[in-house]
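Across the two complexes that follow, chain A remains constant while its partner is chain B and subsequently chain C.
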Partner chain A sequence: MATEARTERSIGSERVREALVGYAFVFLPLASFLIFFFYPLGYAFYISYFDWGPLGKIETLGLENYRDLADDELFHKALKNTLRYTAVVVPCQMALGLTLAVVVNQALRGRTFFRAAFYFPSLASSAAITAVALYILASDGLLNALIGTDKAWFAESGTALESIMGLNIWTTSGTMMLFYLAALQAIPTDVYEAAAIDGAKSWRTFWRITFPLLKPGHFFVGVVSVIGSLQVFDQAFIVSGGGGGPNYSTMTVVLYLYNQAINDVRFGYAAAVGVILFALIFTLTVVQRLVFGRMEAA
Partner chain B sequence: MAPVTYEKVSKLFDGTAAVKDLDLEIGDGEFIVLVGPSGCGKSTALRMLAGLERTTEGRIMIGDRVVNNVAPQDRDVAMVFQSYALYPHMTVYNNLAFGLRNLKVPKQEIDARVRKAAEILDMGELIKRKPKQLSGGQRQRVALGRAIVREPKAFLMDEPLSNLDAKLRVQTRAEILKLQQRLGTTTIYVTHDQVEAMTMGDRIAVMRFGLLQQLGTPEELYTHPRNVFVAGFIGSPAMNLVPAPLVDGGGSNLIAGFRPEHMTLGDGSPDGLRFDAKVEVVEYLGNDQLAHLVKGETPLVALLPVECRLSMGDDATFTVPRDKLHLFDAETEQVVHGGG
Partner chain C sequence: MASELPPIPPVIAAEELAKKGEVPPGPGPVTEGIPGREGADKIRRTITYVVLAAVSLLFFVPFFWSISTSLKTLPEAAGFDLLPADPSFRAYREAITTFNFGRYFLNSVFLASVVTGFNLFLASLGGYAFARLRFPGREVLFFLVLGTLMIPHELRLVPVFQMLSEFPVTHWNLLGSYQGYILINLVGATNLFLMRQYFLTIPKDYEEAAKLDGAGYFKTYLRVMLPLAGPALAAITILTFQGTWNDFFWPLVIFLGDETKYTLPLGINQFRSQYSTQWPELMSASILAILPIFALYVFFQRYFIAGITSAGVKG
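Up next is the complex of A and B:
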């Protein structure tokens, strides 16, 4: 009896020690996460209740900032642009990333080269790529020379945001490809072999086996893509010189936030924009989780 | 249903042969077992028939069609994998129906065939579950069910029982046999377990190092092993294989082989081999006992009725009837005489 109790206790303390060692390992990353993520997040919530200038608190407003945002037409425009951008970019990014992943997952000659080549745009800085795109899409640029037009793609409000969409779909496709590639390689080979013997041709195999089994990949890529799209900023900033033009067609939520904070020094108002964006991202992520979680149960 | 033929089939992986010059004719409706130690090329031989590996040389025929260049999709065979390889995102019903849908079988017929297979395999209430929600034995049934609904030309099974516990394995073994007899489908069954091979196969192909060692009925392999390897591999407990002079069985260029169950305690028949050995350990098996012996340095095993009183350290005389003696050439390991 006595021995038994002792063994039990020592197993218990062993477990406690193991847990402590575990926490010790994650302490530093956890601390920096708390300091650099949760603290600013809470602080943003806090200052969004004030009129907050460069020197700090000016006036307590309560929900005034949020009420103003509800009537702020430029903010509405930014929100609409961002949502439209997200609605186009996310499916395109996912489809392109998946296609590239499937291509470079084939046993074809030189696939290492293609993997590297497709991934390359993701490595280059988006500012640099946007700068190059400005030349390519200029009215006397390469694209117009190729298709025989003289459209100033970034300068017309009908094509400016679309051009940024296209640019971003291309530059991030490599990253999405990489995520999908990892998900593809997690599907066991014997399932494909079983499907082949069961008579499934490649198209059916893709839609009936590969695509549904990629569900964890869809979820991950979807979440990353939605978050990235809702936060679109640098391309819009560079293309419009910070103004969100032409005719506010490239004004995005984050660009608006930036302008409020940096140009107009309205930190409280900008923080309120940030809080709304946070709520939007949070909600969409939860929804995605629910959708993919329900598919799991089905 | 169709006969299956391997003609001089070889498979090289990076220059090393996994299967060499395999010749095998499997009759329509026959149950044939490929057996051999790990790495001997059994799975490779089976996978070439399924179309999952290309043959390096030779021809494979299903019926009278050469299938070397036919995709697995068009070979009309069904396979049961060791890992079962069920479709994890599909219900049991859809796992079974998938192959039929690929063949564009009408919906009503699919439904009828799936339900019938489910009934044969006694898994009616499992039909709506996903593989994750099944036990190992139930998954195994689904894998079998997926093969039988297809009504293919041949069943290919690669160690389908090796993930089951011992009791379930014996049970399922009998069930597969019954199923195969009922359906009459040509079956090629791979295992490394000679007991499984002996109990299931109409004929058995013993392989080693990619080479077919012997092809025959279980009885033929048991009574007339063609070489030392087959002699030692088939039968449980394994045949005693010792230098012939040790038991006065012949010259030093020979290996004598005799089965533990053919040894008797005492003088026995007058024309038999007679020799003394020392008892080391006795294992009690219920009906019988397994005596581990040594003669000089050489270990031997005898299977004796429990009535024989033996205890550790005894010296005893054993007899083996002449007609149960196998002699093999020590050099080539091929049989020179025996097993009358």
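Up next is the complex of A and C:
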């Protein structure tokens, strides 16, 4: 009886010890997340209700920052540019990523090489790759020499944003290819064998079998691509020197947020822009979940 | 949340298979064996290779062109010769010595190494606890960790900026300091998630043996679990190092105005806005920024793939 109680107690104290060690181990990571993620999240919502300057609160505005944003033409322009950018880049990235993945998933000679080649632009930093693009798309650059024009692609308001679209489709489709490749390899082989026995043509096999089975892949790639596109900043900043030019054609939501916060020191207003971006990302992610969720059920 | 999060896909598991000489599953091989289709297959195959070669070219030409330019002289760079007449590393020397890219390079190496180190330690420590130790509230806390993935960087801009300019309680001014950058990047949720998933795949026998030997929790983590988690650690190393090395947004926010702290991406941007047409120097700086990541990728690729794959299995 006595020994039993002691064992129970020692098991109990062992449990407590394990729990304490557990808390100790997760303390630093959790503290870091609390201080640098959750606190900023709440803080951003909080100060978006104020006119907030570098020294703190100036005036309580309530929802006025949001009402001002509704009438802010430059913000509208930034939002429109960002949405247009997203509407073009996401489908292109997905289509290109999927195509490349299907191709390099075949038993090809030099497959490893092709995969590496397509992934290569994804490795480079936005600054380095944008510098390369600025060089190639300059009015006296390689592209113009090849097609016989002398357009300054990044310096004309009609082509600046489109050039950034092209650049980013090119650099990120390799990443999307990897995601799709992983999704493709999760499809069991016997599905294809059954289709081959039925004599299905490969084109039909792809649309009838592979494409629907890739739903989780579509969801993942879609979400990653939409979130990335809505946050487009680096290339717009670099190409326009931070101003969003020419003629605000490369002004994006995040670039606008950055300028409001860092150049104009309107912290409350910038926070309101951030909250709207957060809401937009959150909504689109939920919508995608619903769309692909329904497809899964069908 | 854990089930909400898309499983990290088993990237290129087939490459591993291919190394062992097995043909990976895929739509391609199945059609091969069907009689009477060899001719059509041959044509299709040829077309595939031609298209592949063309697309690869499209992916490589810009890099080839920038390497070629980086080895040219300035007047030569204005022309369109495929190769430099007299290739020299002059532009690289200029970039490193005259234009301070040496400094930016070292800053990048320093920050990327330190941030990677912290992530390796904290993500594995937390990942081990979340995978193996039982404590009340574990699932809720892990859910919180994954929740950080939904918070966009830009929403954090103003709060982090203010926090760094005067840190709460201690009143440090960390804006423009390496410490500030390191502090906000101590550990990423993706990394912690990866580590936890990997630890879950390791059989418990190893720890039980260690326990019988009288090893404590920390010793078990350090001596038993970490050595078994090589692939996951390699995956974190490459992801974090690349992410930090290529980061443009936070260095721009934190180091703005203090050139001595600039990393390569900021340096490249600054150089371009000042000397926009010195293409050989600019291209050599860009190559300098790309090469280390390329080398890291090639070196770690195998482990990287294994790490991501194993995380995907349990994901």
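Here, the second predicted complex is superposed on the first by the 263 of 298 C-alpha atoms of A that agree within 3 Å, B and C clash if a C-alpha of one lies under 4 Å from a C-alpha of the other, contacts with A are read in each partner's own complex, and residues count from 1 in each chain.
Throughout what follows, contacts are C-beta pairs under 8 Å (C-beta built on N, C-alpha and C of every residue); 3 or more make two chains touch, one makes a residue touch a chain.
These numbers come from a predicted model, not from an experiment.
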item	value
First (chain B), second (chain C), both or neither touched by A:208	first
Which of chain B and chain C A:241 touches, first, second, both or neither	second
Touched partner set for A:251, first chain B, second chain C, both or neither	neither
Partner chain(s) touched by A:164 [first = chain B, second = chain C, both, neither]	neither
First, second, both or neither for A:177, with chain B first and chain C second	neither
Chain B versus chain C as contact partner of A:188, first or second or both or neither	both
Chain B versus chain C as contact partner of A:18, first or second or both or neither	second
Greater residue coverage of chain A in the superposed arrangement, chain B or chain C	C
Which superposed partner A:262 touches (first chain B, second chain C, both, neither)	second
Touching partner for A:198 - first (chain B), second (chain C), both, neither	first
Overlap of chain C and chain B interfaces on chain A (superposed complexes)	188, 193, 195-196, 199
Complex contacts: residues of chain A adjacent to chain B	188, 190-191, 193-201, 204, 208-209, 212-213, 215
Touching residues (chain side chain A, partner chain C) in the complex	15, 18-23, 25-26, 28-30, 32-33, 35-41, 43-44, 47, 100, 102-103, 105-108, 111-112, 114-115, 117-118, 120-121, 123-129, 131-136, 140, 142, 145, 170, 174, 178-179, 181-189, 192-193, 195-196, 199, 202, 205-206, 210, 216-217, 219-220, 223, 227, 231, 233-234, 237-238, 241, 254, 257-258, 261-262, 267, 270-271, 274-275, 277-278, 281-282, 285
Residue numbers on chain C that touch chain A, as the complex places them	6-7, 9-15, 18, 23-32, 34, 48-49, 51-52, 55-56, 58-60, 62-63, 65-66, 69, 78, 80, 122-123, 125-126, 128-130, 133-136, 138, 141, 144-145, 148, 150-163, 183-184, 186-187, 189, 192, 217-218, 221, 242, 245-249, 252-253, 256, 264-266, 268-269, 272-273, 279, 282-283, 285-287, 289-290, 293-294, 297, 312
Residues of chain B touching chain A in the complex	50-52, 71-75, 77-79, 81, 83, 85-89, 98-99, 102-103, 146, 150
